[in-house]
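Read through the structures below before going on.
Shared between the two complexes below is chain A, which has chain B as its partner in the first and chain C in the second.
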Partner chain A sequence: MSLILDTLHLSHNGEAHLDGLSASFARGSLTTVLGRTLAGKTTLMRAIAGLQRIDSGTMERDGQAFGTLPAWQRDVAMVYQQFINYPHLNVFDNIAFPLRKRRLPEVDVRQRVESVLSMVGLSNFAGRKPSALSGGQQQRVALARALVRKADILLLDEPLVNLDYKLREQLREEFRGLLTSQSDGTVIYNTTEPAEAMMLGDRIIVMHQGRILQTGTPAEVFERPANTLVAGIVNDPPMTILSGRLDHGRIVFDGGVELAASAHLKNLPHGLYRFGIRATEIEPSEGRGIPGRVTFSEVSGSETFVHVETPFGEAVMQLEGVHQVTDGSQIGLSLAPERLFAFAADGEGALLRAPGQGEN
Partner chain B sequence: MASIHLDQIGHSYGTAVYALEKTDMHFEDGKTYALLGPSGCGKTTMLNIISGLLTPSDGRVLLGGTDVTRTRTAERNIAQVFQFPVVYQSKTVFENLAFPLHCRGWDRSRIATRVAEIADLLGLTSRLSQSARRLTADEKQLISLGRGLVRNDVAALLMDEPLTVIDPHMKFDLRRRIKQANDQTRHTVVYVTHDQNEAMTFADEVLVMSAGRVVQRGTPQQLFEAPRNLYVGNFIGSPGMNFVRAERLDGDLRLDGVPLVGADRCRGIAPDAEIVLGIRPEHIAFAQGEELGVPASIVSAQDHGSLLVVDVAVGSDRLRMKVRRDVSFPAGQARLRVSSDQVRLYVDGVLVN
Partner chain C sequence: MLSTLKYIAVVLWSAFVVAPLLWALTTSFKTANGVTGGPTYLPYIGFEPSLDGWRSLFGGAGGIDIVRPYMDSLIVTSSASLISIVLGTLAAYGLSRFEYRAGFVKNTDIIFFFISQRIMPPIVLAIPFFLMLQFLGLLDTKIGLILVYVALLLPIAVWIMVDFFDGVPRQIDEMAMLDGCTPFEAFWRIVLPNSMPGILVASMFCVIFGWNDFFFAFTLTFTDTQLLPVAVVSLNSSVTPWWSLSASALVSVAPLILIAIFVERLLSRGTLAGAIR
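After this line comes the complex of A and B, so read on.
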């Protein structure tokens, strides 16, 4: 029982927004779609909602044709980036709106609205106009209006992006509970933020240029990114990717810098690779290591981020605590060999080996 | 380039309560500042008073010692960058940058020289002949900045949530280019944001605001290590500081019976005062081997990627800790190591000693 999308194509002014996209979404699941701006995430939702016509491909819901249905027959609720509420209606009437439109008996309307109001923590605000609410409260109203319909498919398009940072932190946690309470429906949630995608989703779809690069549980996508593009998208700060060569159990970077390859890389064939390492796995080293020049460093209070230019690519290092690093200074980088990812040197850089993988 | 002095400034919209309570605020010449707080805290009001978009109900604005309270924005020589990039889509990057100079009647060769300088500063040289329409959001934002900086008499640079529409992976890059440019120009910068991460990484000094007041002003490190009250402790850091009520026994402060802070740090605190311990999620770890730790039970773990945020119960309190992904930990009961010297003490919600 699911929503199945098969080879969707959608172009606009000659640009492909969906480029042969196939995916399936089970009932009772929460999928986050992670991708950068213009990856096609919003287009995907609009296509599912029937707001934008696909050029080719098919959509099925529980074995029935779905893509050919008009939007109003699809039973899809959508929450947008901008909190959209009816300004002249109070909170209660805003949430009741979709139910009254369906001519539900007023007794049922009242009961369902009250239950959703308490879910989103707005029971005491039922009589207020949206303009008398904070941004976070307004977005909760918009979410409540989507939840109250108990729609078959719930689509959330970066719903927290216009909210304050701290509020986002709080609502993210609330959303996880609220969205999974729609036990029988299918929930899809778009975001550009890796941590949000990881926290919320049962499953993550990584999108780029109208295509799906990878689908998997948060841990799968994070620990085994399918290629260098995914590695860049799911890590914040992005994963450092350095070009080098594997030669008789050594990782050799041009200019004579070498590392002993750890067990997981040893049985890969000799040749050129792109080696990936996370910002948290790089440390400054005394004298030895990969030579580089600090281009920029910033302190977040608890952590220091150091950006380093090396002959093999740009590296980002995340250090715990506050460290004073001068821009322009020379620095050596030490990479833990057992934490290296090996990607193909050509094409999109397919993942060949991840830490802890393929050891024998 | 100029210092900014808000002399007994206060503002209320109409007859409402003060959006910005009366305050005296000084911004040194050449330093970068962030005004940090949630919507409605007064940060944009303060920024608009500096730029002249808003005339304050009380007090004076001094730029480089000159009273500009009644001076129009255009005459204050302030460069501004807003949330959404302001660019002329139909013009090239060069024309966008040259526009303010044309308006001032500069001659062609002088304009060309100056635009080249600014493009070089912001890394836009290779883009000069391109149409602005085709640029990415971060490049457009750089052009907005460049148009502000191109005049050579800029007194200060004001930015209002300039990274809001920028993708996470481009944010640091844009921040870097803005900061590197400013290292050379040394403008006084005031940067408004609700995002603690941005404020902390960008500014020399951060002013944390709430309900029309500056609650604490300090370097990022000071705000992280010694938040003055519970509000700042929660607002700075992600997740924010944990706060738990301490038990006082034989002079020591204890957490679920385990001594955490020695009596010497409680000197000067009334014996019957209620003390709250502020503990950063970064300063809690799992105890090793025979080490005595605070007994806790694991409630849940949230996967953030490189880090997990783990919810633990200690007695009747809940705390959050940050755990590296590669650290394995037990599922049920655990013992916690809390870095004692990093624990902060609060009485009546305010930091003591």
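After this line comes the complex of A and C, so read on.
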């Protein structure tokens, strides 16, 4: 293991930003940290970078504690959400800055900067000031400056969040290639977008309120979310969670709506549960199923998201294509029982059964 | 119609601004007869031009030796402005980037304390300054006046620069530190070059104040040190030599006109974009 964080605590004005966080990151790996806004992702990066002092806990790199080193001695590179470059320097000098600061011979500086410029596709823009570039190009400069150093730890704090949708998709592809070329270092990538986390990371850490909720491969986190919070964070739109009772092979929602429990839920003890289902697994049904009222719907490209208020909780349905759904109209929801997740009814709702799990 | 009115307004305003300078320019080439012979503006036609007024600035009859007060003004203004900008920039950076707390006193209180120095009318400050300089043996010295000007200019410099640094993203400093700079190197190599517009504006304010100040120069210096505004006013005796007065007034505003042209060029090139909000 290259980077080990142990029981990090960091509070500001009595509010815990890191709450006993422990994690380890392997050398040569790309870990995405997924969490909603204010989950503590940026604070975690700033703590690793030495830009924010932790209250307690230890940070080790290859067995050496580095938590007390100042930021300029940590060998950590970072790319921010905002396109942060040095406005008075041109693209070449921006990227060369950290190398010149380390007094590398100018020949090496030139060779490394030109190589990284070509990697990020900005060879023709070396003489321009950052202000003369587009947002995507500015962020490429910031990434190039972080990459050129071959830093031991590379931190990317939602680097694509301020770009438009198309550019974000394009750069996401490019970033994946560029970041995996950092084979020696540890790369940590913050994001609020589940799709981005799944696509980029070898491993995902799900954070919420300064704590790690789950760590695992993208498939593990997506298929087996540790609890209802994780299920909400790793699904976009969030997974619908409905309260109900399992009783003699049937799922009974308050108000008398019943579903036959599928095989993976049948051997769970009778009692109260929270049942989760993804937006793509819910369909409208004519006069049957779970009754609800449409609170609002939104058309996003080729999909329509319908938000429905039910007696058992709010549900989100994702329909293929463009559908006209009137706000306030009554609707019945049909759930695929075999796609239901069962979570504990108490606490954070630990996962008890996922689709395909526990079947004979 | 509207644009015609605009042009008329601009022409009238320009005349209002330029007329005193033109009046001083023509008067500086007049003699006693030319001044008392009614309003005349064109040399050789309205009056016989003479260089007496300009000669009098260099020890000629009825004038003053302008070189010494000019040099005194130059030394005092430039030194005070330089010290104020250097100290003010450093203080402003600290106030913008770090949190200070001493009991209930916080950064905003410190900034207000700086600004509050300028709330008091100068006359209130004159006697304490006089007594302090007397105690230090610095009355009628350039160093004494420089110290007083620094005390007066520092709040302006801090005020302008805090506002400016607050507009420079803090992440730029952090980025520089992650790139290997100590906090001071981050300030020196990255933040400062990006703050030149703010420094220029603050310097301009300091120089204009220092160069134009009459009140403190008049109350805290007498014979050994004499600044330009005091020297020019001292020409105004029972019989005012208007030609000398005009020539010396023109000489004393010349540096400010040069600064105005310089700043105007920077403004038109966009160098100060974002510096004045």
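Keep in mind that, in the parts below, the second predicted complex is superposed on the first by the 358 of 360 C-alpha atoms of A that agree within 3 Å, B and C clash if a C-alpha of one lies under 4 Å from a C-alpha of the other, contacts with A are read in each partner's own complex, and residues count from 1 in each chain.
What we mean here is this: contacts are C-beta pairs under 8 Å (C-beta built on N, C-alpha and C of every residue); 3 or more make two chains touch, one makes a residue touch a chain.
Because the structure is a prediction, the values reported are computed rather than measured.
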Touching partner for A:Gly28 - first (chain B), second (chain C), both, neither: neither
Contacts of A:Tyr80 with chain B and chain C, given as first, second, both or neither: second
Which superposed partner A:Gly57 touches (first chain B, second chain C, both, neither): neither
First, second, both or neither for A:Lys101, with chain B first and chain C second: second
Touching partner for A:Pro284 - first (chain B), second (chain C), both, neither: neither
Between chain B and chain C, more extensive residue contact with chain A: B
Which superposed partner A:Glu320 touches (first chain B, second chain C, both, neither): first
Which superposed partner A:Phe305 touches (first chain B, second chain C, both, neither): first
Chain A-touching residues of chain C, taken from the complex the two chains share: 169, 171-172, 174-182, 190, 193-194
Contacting residues of chain B [partner chain A, same complex]: 38-40, 137, 167-169, 172, 175-176, 179-180, 183, 194-197, 200-202, 220-221, 223-225, 234-240, 280, 282, 302-306, 324
Chain A residues touching chain C - in the complex, by the definition given at the top: 49, 51, 70-72, 74, 76-78, 80, 82, 84, 86-88, 97-98, 101-102, 145, 149
Contacting residues of chain A [partner chain B, same complex]: 36-37, 134-135, 164-167, 169, 173, 192-195, 198-199, 218-219, 222, 232-238, 278-280, 295-296, 298-302, 305, 307, 318, 320, 322, 327
